[in-house]
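Step one of this worksheet: look at the structure below.
Chain lettering (A, B, C, D and E) follows the sequence in which the chains are written, and residue indices restart at 1 in each chain.
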Amino acid sequence: MKPLIRKLLPILGVVALYYLIMYLKSIKVMNPYHIQVLMFAGVNIMMTISLNIVNGFTGQFCIGHAGFMSLGAYGASIVTTMIFGGFSVAPNLRIPVFLLGLLAGGLVAGAVGLLIGIPTLKLKGDYLAIVTLAFGEIVRATLRLIEPIGAARGMIGIPPYTNFAWVLFFVVLTLIVARNFIYSKHGRACIAIRDNEIAADAMGINTTKYKIISFVFAAFIAGVAGGLYAHIMSFIQPDTFSFVKSSDLLVYLYAGGTGSLTGSVLGGLLLTVLPEALRTFGNLVNWRIVIYAVTLVIIMLYRPLGLCGGKELPLLKINRKHLYEKSIFSKKSVHPSETPN
Amino acid sequence: MSTLMQFLVYGLQLGSVYALLALGYTMVYGIVGMINFAHGDFLMIGALGTFFLAQAFSSFAVNGTYSGLIVALILFTAMVGTGLIGVGVEAIAYKPLRNRPKMSALITAVGVSMFLENFPRALPFIGPSPRSFPMLFPTKRFQIQGVMISTTQIIMIVLSLVFMFILYNVVNRTKIGSQMRACSMDKDAAQLMGININRVISITFFIGAALAAASGIFYASIYPQVDVYMGGWLGTKSFIAAVIGGIGDIRGAMLGGFIMGITEILATSVNSNLGYAIGFVILILILLFKPAGIMGKLTIDKV
Amino acid sequence: MSILEIKNLSIEFGGLKAVDDFNLSLEEGEIIAIIGPNGAGKTTIFNMLTGIYAPTKGSIELNGESLLGLKPYQFAQKGIARTFQNIRLFAASTVIDNVKMAYTHQCKESFFECIFRTPKMVEEERKIDERAMDLLKAFDLESKADILAKNLPYGAQRRLEIVRALMLEPKILLLDEPVAGMITTELDDMAKMVRELRDKLGLTVILIEHHMNFVMPIADRIKVLNFGETIAEGSADEVQNNPDVIAAYLGGGYKNVITNA
Amino acid sequence: AETGKTLKIGVVSPISGSAALAGKYIVNGVKLLENELNAAGGVMNNGVLYPIEFVYEDNEAKEDITTNVYQKLIYQDEVIGIVGPDMSKCILAAGTIAQSAGCPAIGTFTTNVAVTQIGDYLFRACFIDPFQGQVAATFAWGEGYKTAAVLYNNADAYSKGLYEAFVQSYEALGGKIVETQAYSGADVKDYNVQLTKIAAAKPECVFMPNLLNEVPLQIQQARANGITVPLIGGDSWDTPEVAQVAGAENIKGSVYISAFSPDNPDPIAQKFVNDFKTAYNGDVPNSNAVLAYEAGAMLVEAIKNAKTVDRAGVRDALAQIQGLALPSGIVTVGEDRNPIKGAAILQYNDQGVATFLKNVNP
Amino acid sequence: MSSRMLDVKDLAVSYGMITAVKGVSFNLDEGEIVALIGANGAGKSTILRTISGLERAKSGSIQFLGKELTKMPAHKIVEAGIAHVPEGRRVFPRLTVKENLMLGANIVKERSIIQQRLERTYLTFPRLKERQAQLAGTLSGGEQQMLALGRALMTGGKLMLLDEPSMGLAPIIVEDIFRIIKEINEAGTSILLIEQNAFLALQTASRAYVLETGLISIEGKSSDLLKDDRVRESYLGA
């Protein structure tokens, strides 16, 4: 019985969260603007998790992650807006078109991730970081050259399909998938590479292969997040996805704590909401980024490993012992260390 | 042909700005092992500081320009001042993280950069708007075989080479230089050699920030517009320049800076959108073939 | 037929002949020790046997199959596992994860099975876990399974490196100074362990070590290297009394300083 | 009279950022209107007096921030309409939000044609680029310049649109474009390459329809590259700082198209100029200030005439504005929600001060 | 009667939550070789690192020739006359052997003294002279240990802290190094020695302290400890 509850409780929690927010909206405690801030926070959480997979769990420093986001944003928007005509899509086709767009965004980003991952992931540490930075900027420069999608002026008139429910759904899905990834052979291989690449290699782990898997997987998630973003903003532009965006994402990740999904959620949420919240204090408006910056520096000085510093909420962990619980699927078994011998 | 030469002049002019900024990146990276993302903002502080200094000295100006002595005084003050700010930033924000994971310091640097840009921005007497940078000294233009050159350009290019030459010799030939290199490899062991690593790191930041200020003054002299955000993008490009040359190597920073400046101008002449990205393309190409940049040496971990 | 056949293995680093014409023919279940002065090329041989360095000359054959040109992870997958002179654990991971990580290659979970955590994948995970626990238990580490590797005492870290290597199901185990930095009592435990590996698992072991009172009793054969060249080879007794070995490696005071301990 | 609920009007302008100079004029222009309304106690509609509150937001001259700010004004402040921003690229990005929320938005200086095409909730207070381009081309041709070169910003919808409009009109008149150079990106400060090429083509004039913060550097660099011919600009040049930064020496003789000239003798215009001067210690209003004031005034007029005092009612009333007397002329909102307005041509004298040359009406 | 050189009293050191050294007192007289022995993780290296200023003491005092070291920055401690050969060698990997040695003489101003010390070091370690232009990072473990010792000789300290100098070295080198250690000592340098090989340590030092999880459990003359049953059982394995 216990495992069943453990599996269902989080899902119930998410549903409850959704209805709570909708209720707060209906009694005007939250307005659509607040909800929109939460939607951006959701997108940022997805981006942070994606970055965490590469930086936090595989130890490969990617500092141009906004590049993947932009590919997803453009890929998805091209599908929904240019191929299917944006606002003129028949109402009953909107959701399929939207999902198709997101899938396209994810695939484009993933494919590019594969393409650039193969040559660059051979580089180590800072050099890899720098190449990913360059990659992000080259993507931006390329998008700026393509006239049919508005070049540097950007793409307008993207239908605002993304709503809070979609964002919540994708954030939860990302969390589940990322958690499962981490607690599997793939995740372990990635962590091994992070902890000691030479040893990983010597233990028969094809380091290049697993780096690429993690990179492509993360790029796919970033692409989907980019697609969601485009359909909140209804406007995208290459310059939105500049190095500044990438470094914002890094900030969410490291302030939250690498190697912890809880940290990604916390970092993405807090640091998206904080500057927006400061906006509402009229005379602080000019100081809001200063306050944000000081907060960030203080977090890093007092918690150099980030707010969560490698710690994880039990919900986002897969405990080894669970393997031996009577699962809802299989009939086994007892943990070997508990068998008397 | 003369157009090409003209472009080369513009390339060198831009390149000297990148090069000076890249020197700071390279020094700090080489010695402290961190990418100081706030480095570009030292450029802004230098330029903005010069702007205010020039205002303060405006009673000495004749026809809007200043005498050589006053200019030298202004530049010196701006460089030293920025250098000291660099030392202060290190002491407050980076020093406590010295033995922490690299990325923590990097993120702190992002925070510092936001602070350095937005603090003056929030101050009423500075604010976010661009200002026009005063002409500090009169510039003369002359033509050599159809190529326009100005005295400002010559001063810039020559001075940046001089700075690099001095710095190179300091790092490779002096005692403080060898202390810097020791710090760069193993701070504990360096201390056991009797090296005061705090002093070495402070000096490093001082030099880096002062050179950034110089590059800021140069930059503002040729593009006379200063604002609190001017350092960000220039910083990123100069950092790329430093890596192209081989980060950690002084000559490499200089080389990378000039490569960046010249290719940017040449690529712009093909298509304006290319100029902006060419540096990044060059970077990737170079790293694929020389994984540590042109002058950099990749060290192999002995297993 | 011998399990590992190394012929004329040589490597140079910018003119320096670090290993010169090294030959070794290894029988299954043998324990071979390589000794020699510092810088003689011992670790370099291990690095060539695990694909980290490419030899300039020579051949490496495992069960008749040449391994030259393979990547390090392929050497491991073919059955050569090692430990490192400077411990290289996955320090930030738990002890059991360290062991499971070495089972990546043999593990049959596909990417989609993993991210959707299918019942099949969960079953496979459980098997890996049991396997890893069995090994840890055999080396007296099962109580430490869930603590971080970096928090283990030094001696336990050395043992964990061996356990991790065993998870690869290797044919040959290379141990690079397994008792360096250990106190005398730990040394004896390790000797017992290495013997058991051979006796119970039938493993073939090559080890590098400077502690003669560890090496001499357990090695079936000893090869002595100096400046990359093999200067002596034979049983412990033969090597100990070889004047070249004494001059180059053991030193005159060897008998009274070391064995007295 | 009966007092209705307070109505909020959102004002979006670049209070900070690259166009902060323009932002200052915009806020000051609207503040003038705000003072007038405060004196009157609000807007009278059908015998009910509605107090008006202005909510000022900074868009930093950036598209994405404009979008955020629109969201905030529409959903959090629940404004009845939005004045601004001033830049086409910004409203092009944010317009969809106003449109899908059904909130009227009036761009103050958003001259790009596409702006009002976003939907029927989008308006503007200024002329459109095809007209402006035509005025510039006609002027250039009229001055006897047979050849022209263009330097434009490909990252800015306004710049690109105006460049295209100019070229079309100029070529139709028989002029020849001898060199077209573009750049893109807000971080560009070096136009030397483009200007070297333009100089080599030896045009008789150079058209530079570029942004406020870019123009001064372009003028300086053009002169340094030996381009001595007159430079022609668009509405964005209308800030005194342009000449200050560029230097009187460099800018003298250059001409630009403006929506307003403070030298306009019309009494309403002069009253506005005087009010502005008194309110802001002698500052002379520019087109940004006038158009921001006028956009606000249009919204107020619509509130006055609206059948229902809500967003939809105000929108309908906006579309029907006719013969509204404003400082820059009599405004009638046309079919495409574009007002029909004239342009002024201004020229810089030797001191670098823009002086009125002539008016052009559509 | 020789005078007291180093006096450590109630020294405690911690790394965050972990207290590695829990109140240790010991001393060393001028001209002496004193050994610290103990299992892995007992806190031996931590004590040395605290003496040379790389770690800060939580409490307690360290007196060296009458000067209090616990508040002194590391580089001053070197100038005061302490040379520390750290655990794991810690040579500067991307500098050449010679550059490493020259850095050892960082605090020395006179060129002639530097030259003289360099010659002495090369005499002691001919291998280093042979490899003087090689990057230190590519030396073998034993070669690096020699370099670390050589570098410490270059500082010319009055007290040398040696952290496991025999680790990973060939028997003949170990013999060499211990002979050199004795020579260095005879030439006037006092030595505080950490050594895993307890037998070797006790043979070399005149006195020794046994450290167990941050506390001193046994102390005394080496000759006595060699006969001590507890020592014999846990550290000599006989």
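We take it that a contact is a pair of C-beta atoms (placed from the backbone, for glycine too) under 8 Å apart; a residue touches a chain by one contact, two chains touch by 3 or more.
Please read these numbers as outputs of a predicted model, since none were measured by experiment.
Both subunit A and subunit D are touched by B. Two chain pairs, C-E and A-B, are compared here, and A-B has more C-beta pairs in contact (counted per touch definition above). In this assembly, C is the chain whose CA centroid lies farthest from the centroid of subunit B.
Our note on geometry: subunit D versus subunit E, Cα centroid distance of 77 Å, whole angstroms. Centroids of subunit A and subunit C (each the mean of its C-alpha atoms) stand 41 Å apart.
In whole angstrom, the spacing between the mean C-alpha positions of subunit B and subunit E is 43. Centre-to-centre separation between subunit B and subunit D, using Cα means, comes to 38 Å. Shared contact sites, meaning residues of subunit C that touch two or more other chains, fall at 43, 52, 84-85. Contact with two or more other chains is made by residues 138 of subunit E. Within subunit B, the positions touching two or more other chains are listed as 121, 273, 276, 303. Subunit D meets subunit A in the complex at residues 16, 58, 63-64, 67, 71-72, 74-76, 89, 92-97, 100, 118, 154-157, 160, 184-186.
Partner subunit B is touched in their complex by these residues of subunit A: 55, 61, 119-120, 122-124, 126-127, 129-131, 133-135, 137-138, 140-142, 144-145, 152, 198, 243-244, 247, 250-251, 254-255, 258, 286-287, 289-290, 292-294, 296-297, 300-301, 304-305. Every residue of subunit B that touches subunit A in the complex is listed here, in rising order: 29, 35, 37, 93, 96-97, 100-101, 103-108, 110-112, 114-115, 117-119, 121-122, 232, 236, 239-240, 243, 247, 271, 273-274, 276-277, 280-281, 283-284, 287-288, 291-292, 301, 303. If you check the complex, the residues on subunit C that touch subunit A are 50, 52, 71-77, 81-82, 84, 88-93, 96-97, 100-105, 107, 109, 111, 114-117, 119, 121-123, 125-126, 128-130, 133-134, 137, 142, 145-146, 164-165, 167-168. By the touch rule above, subunit E contacts subunit B in their complex via residues 52-54, 73-75, 78-79, 83-84, 86, 90-95, 99, 102-104, 106-107, 135, 137-138, 151-152, 155.
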